[in-house]
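Below, chain A partners chain B and then partners chain C, in two separate complexes.
And then the complex of A and B:
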C-alpha cells in the first residue's frame, strides 16, 4: 500500500475537482450511452410512454441483409464517399498549392475561399436548392454553354450528384487550410534543386509537392472518409427528410434517423445499423492507413 | 523568365476562377434576399435586383413570429455552450497536464478513445437518457451533453504541458492557491488557445442540425437551422424570404470570423497536427 503525503492528497483532490465536469458529462452522455447502445442493439424497443425492451439476439444485425432500403442507403453512401473524398482532396491540394505560390492577393483569396466553411449546412443546402431550381441559376449557366439541364432536386438520377457537387464545393476549402499549413514546411531547396534540373511547375507539383504531403493527405483522406460516411443534414433538407426522390438521397445516417425516430418499434434496429456504420468507418480508416503506409515505403 | 510569368498567369486564372465559383452562391442568395416575389417567380437571372427592397427582412420577422425567438435560442445555446466548453475543457486539460493523481493516465486514454466514437452510436441512447431526465425540448438538453469536447481537452492539455512552470510558481509564492492561480494567472495567459476554441465550438453549436432535430420538437425551442428548415416547408416558393432568413443566420458567424480570423487558422492547424 502506497502512502500519500498530505500535499499529494491535496493535489489529487484538486485534480479530480478540475476533471469533475468532464467526468460527469462524458460519463452520462458518452460512456453510458455506448453501453446502453450495445443493450439496445440486441433488443426490440417500444416507446409507448415508457420504453419496453424485448430481447432479440442478433436479429437486428441480421435484418440488414434483407432490408432493401438499408442496402440502397449503403450503396448511396458508398458511391458518395467514393466520389467526394478523392474529389475534395484533390481540389484542396490544387488550391493550397496555387495559394502557396507566393502570389499577390493571397490573403484575399484565402478569406474568400473560407466562406463555405463558415456557413451552416442548413443555409448552404437552401442556397443550393434555390440555385438547383428548374429555372434557376445553374440550369441557366448550363444553357449558356449549350449543356443539358436537369431537374436537380426531383430527378432520382441526379439528386445525389447535386449533393455531391455542393459538398465538394463546401468542404474542399477546409482541407485546403490543412494542406497550406503543411506546404509551408516543405523546404524551398527541394524546389530550387528541381528547377536546376529543368522541372516545370506541373512536374514540381507531382514530384515534390505531392510526395512531401503524403502524411497530410493520409490525414485528410481519413477525415474525409469519416465525414462523408456521416452525411445527413444535406440529404435531410434536400429531400424533406424522406431520402427521396425514389430513395436516391437516402444515406445510412438518414436511415438510422428514420428507423429511430420516425417509425415505431425499430429503435433497436437503428442502433444496430449505427454500430455497423461505426465498424465500416473504422475498417475504411484502417485500410486507408495501411495503404498509405505501404506506399511510403518506396 | 517568360515561362515563369506564364505559370503565374495560369495560377491566377485558377485562383480567380475558383474565387468566383465560391462567391457566386453567396452573391446570388444575397441578391435574391433583396428581390420582390414577382421577380423571384419570373425566373429572371440578374444579380442586381430590379426593384430593390428590404421588405423580405421585415416580412420574415412578421410572417414568422417565432423567427426572433429562434435567433435568441440559437444565440443563447451557442453562447452558454461555448463558455462552458472553454471553462471545462481548460480545467480538464490543466489537470491532465499539470496535476498528478491516481488514475490520470486511464482518464486521459478514455478521453482519447471518446474521440474515435462516431456520434451516431450514442445518438439514440442520448435521446432516451434526455427523455428520462425530462430534458427534451430544453436548453440544458441542448447545452449540457455538448459542454465538454474531447478534441479541445486534448488541445488544452498540449497547451498547458508547454506552459512555463515558473509563472505558476511565482503565483504560489504570492500566496495564490491552486484555483486562484488557475483562474487569475493561467487562464488569462491561455487566450490564444481559448480564442481558437471559441470559434470552433460556437460554430458547432450554431450550425448543428441533427441534434436539435432530435431533441427539440416544440417550435418555441427551435434553433435557427431547424427554424429555417420548417420555414422552407411553409414558404416553399418564397425564395426571397428563405434567402433573407439564410442571410440573417449567416451574419453572426461572419462577424465572429472577422474578429477571430487569426486564431481560426491556428485551430485548424492544430486539428491537422493531431
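And then the complex of A and C:
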C-alpha cells in the first residue's frame, strides 16, 4: 500500500516550492546559526587569526559554577526580572484602565504615554544618564523636596535600580496598548450587570476587568520575562560596556557579549552561557503558564 | 491547468529568491593604478588628527602609488578591531596599545615584521623598553609610534606659599610636603591620586613582589601589599591625598590639578597640552617621580603600528609603517609635543630632553616599566582596580581586598583558558 498518492505528493511538492524562499532564509539566518552555536558551545574557540576549534566536551557549561561574574550576572538579572515584570505589568494595566474610563482628552494621553516606547532605547538611556547625573534633573528635584539624593550611575547600590526605573517607565506603555486593545473586547453588559448589583469602580476593576484580561496578562508577563532576561543595551550604555560600578549592572547578556567580543578565545563559553540563559527563560515561561492557566476564561 | 500551477510556483519562488539574493552581490572594485591601504586608529584631539593627516599626505606624496585611507574608530576600539579582524574587514595597518598586544599576538592575527626591517630603518634607534613591548619570542609585531612616561606635576604657587623650595626627591619627602600643603576645609590635597593599577604598577613591584607570576595574578603577596600601603595611608591616615572624584573633578587627576585641588599629581605627557588649553594660568613644574627606597621608577605607556596578517597589500603596508615610524614621519608626528618620540635620534633632534617641562618625562624612559605584562593583564587590571578602590576609600583592609581581587582574577583567567 502506498502512503501517498501521486497527486498528494505533487501537491506537497508544490507547497514546499512555495515555502522554499522562507525555508532557505530561515535556514541560513536562523537555523544554521543556532546549530553553529550548539557546535561552538562544546569547543574552545579562537576566531581570531584563522578560526581554531578544540573539543572540550561539557567544560564550557561547567565553568559557570566557578565563574563569580556569571553568578553575579545571574543574580542581577533575576532581581531585575523579579522587580520589573510585576511593576511594568501592573503599571500598564492601571494606565490602560484609566485611559479607557472615558475621561476627557484620553486620546491625547494615549499618544503621550506611548511616546517612550517609540524612542530608541539607546537614546533613552543617554537622556536618562544625563538626568541621573549627580548634578542632574532627578537629584535637583529630589533636593527641592528635601529627599536624599543619589549617585545614580556611580553607586553600586543604586545603579541597577536606576536602570529598573528607566525600563519600567519605557516598557509599560507598550503593554498598556495591548491592554487597551483587550479592554475593548470586554462586553459592556458585564459592567452593567455589576452596577445593578451595586459594585463600585474598584470592585468592577478587580472582579471584571482583571479576570477578563487574564489571557492578555499572561501574554504580557511572558513577553516581559523574555524581554527583561535579555536586558543588554541599557546596562551596556550605562556602564560603558563594563557592567560596573563593581559589577552591579552586569547582566547575563552583557556577560555573554563580553566573553564573545571582549576577551579573546571565550566564544565557546559565551555560547554555552547563552544556551543556559535560553533554558532559564524557557523554564520561567513554563512555570508562569502553569500558574496562570491562561486559556481557562470562565 | 496543472502545468500552469507548477509554473506559477516556480516563478514565484525564483522571483522571491532573486530579490533576496540580489542584495548579496558585491560590486567589483574598479581598477585603479593606486593601491589603497586602510589605517585604523582612535581619534585624538582635532590638532592631533590634523597632524596625522599632514603626515599621511607627506607619505602619499613620496609614495604616489599608495593611497592611504584613514579610518577612525571612536569608541570601544579593541572590540571593533577584534570583530573586524575576525570578519576579515580590518584595516591593513592599525594602532595597537602595548597593553593589548600580547593577547592579540598569540592569536596570529598580527603580521611579524622582522623580515621587512632593513638596515637603513635603524631599529636600534628605538627606546628599548618601548620596542620590546611589541616583541614576542624574538619576533617583532609592531613598531612603537610614540610613548609617554609619568612624571610629578607640582603647583609652583602652592609650593611657594608653604615655603617649599622644590619638588620632592623621595617618597618620604613627598609625604611630608603633601601633609603641609593639604587644606581639608578648602578641599585642597597634597597629592591627587588615580587609584588604578596602571598608575601604580611600578610602585607595586618596587619591593620585589610581582603583580603577575606565570600568567596568574599574584598581587596579594605581602611585598606588593606593603609597597602600595603608603598610597592608601596617605589618604586614610594623613588625609593628604584624594581621588579626583572626591573633589568633584570627574575622573581626571589633570583636572583636579588644574582646578587647584591638588598640589601634586602624577601624570603623563598628555597633561602638558591639556594644561595649556584648559588651565593656562596655573604655574606648574614637572619633576621625575620621587624615588622609592632610593630607586627611580615610573610607568611608560606606548602605542605602536601593527600590520594585519591578512592584509592583501603587505608590501605597501610596511612602506606606510616604515614611513610613520621612520625618522622623518615620527619627527613630524611628535613635533607638536602631544606624545614623545620613541626614536632617540628624533628626541634629540626635537630637543625634548632640553624642554623644561618634558625633560623629566624623557628621562623616565630609560628606567620606566612598560604598561604590559602578558595576555592576562586586562583581567588582572579590572579586578585589582575594582577592589583597590574599596580599600582606598577605607571600606576594607588593603590586604583583604587584594586577596579577594587576586582570587577572582585567577578564576577569571581560568575561565578564559
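We take it that the second predicted complex is superposed on the first by the 272 of 298 C-alpha atoms of A that agree within 3 Å, B and C clash if a C-alpha of one lies under 4 Å from a C-alpha of the other, contacts with A are read in each partner's own complex, and residues count from 1 in each chain.
The rule is simple: a residue touches a chain if its C-beta (ideal position, glycine included) is under 8 Å from a C-beta of that chain, and two chains touch if they have at least 3 such contacts.
All values reported here derive from a predicted model rather than from experimental measurement.
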{"item": "Chain B versus chain C as contact partner of A:18, first or second or both or neither", "value": "both"}
{"item": "Partner chain(s) touched by A:199 [first = chain B, second = chain C, both, neither]", "value": "neither"}
{"item": "First, second, both or neither for A:78, with chain B first and chain C second", "value": "neither"}
{"item": "Partner chain(s) touched by A:264 [first = chain B, second = chain C, both, neither]", "value": "second"}
{"item": "Contacts of A:174 with chain B and chain C, given as first, second, both or neither", "value": "first"}
{"item": "Partner chain in contact with A:63 - chain B first, chain C second, else both or neither", "value": "second"}
{"item": "Per-residue contact with chain A, leading partner among chain C and chain B", "value": "B"}
{"item": "Common ground on chain A, meaning residues reached by chain C in one complex and by chain B in the other", "value": "14, 18, 21, 25, 261"}
{"item": "Touch list for chain A against partner chain B, complex", "value": "8, 11-16, 18-19, 21-23, 25-26, 28-34, 36-37, 40, 51, 94-95, 98-99, 101, 103, 105, 109, 111-116, 118-124, 126-131, 133, 135-137, 140, 169, 173-174, 177-178, 181-182, 200-201, 216, 219, 226, 230, 232-233, 236-237, 240, 253, 256-257, 260-261, 267, 270-271, 274-275, 277-278, 281-282"}
{"item": "Chain A-facing residues of chain C, complex", "value": "2, 5-6, 9-10, 12-13, 16-17, 20, 76, 78-79, 82-83, 85-86, 103-104, 106-110, 245, 309, 375, 378-379, 382, 386, 390, 408, 411-412, 414-416"}
{"item": "Footprint of chain A on chain B - complex, ascending", "value": "3, 7-8, 10-12, 14-15, 18-19, 21-26, 28-29, 32, 43, 45, 84, 87-89, 91-92, 94-96, 99-102, 104, 107, 110-111, 114, 116-129, 144-145, 147-148, 150, 153, 178-179, 182, 203, 206-207, 209-210, 213-214, 224-225, 228-229, 232-233, 239, 242-243, 246, 249-250, 253-254, 257, 261, 264-265, 268-269, 271-272"}
{"item": "In the complex, chain A residues that touch chain C", "value": "10, 14, 17-18, 20-21, 24-25, 46-50, 63, 66-69, 154, 241-242, 244, 246-247, 261-266, 269"}
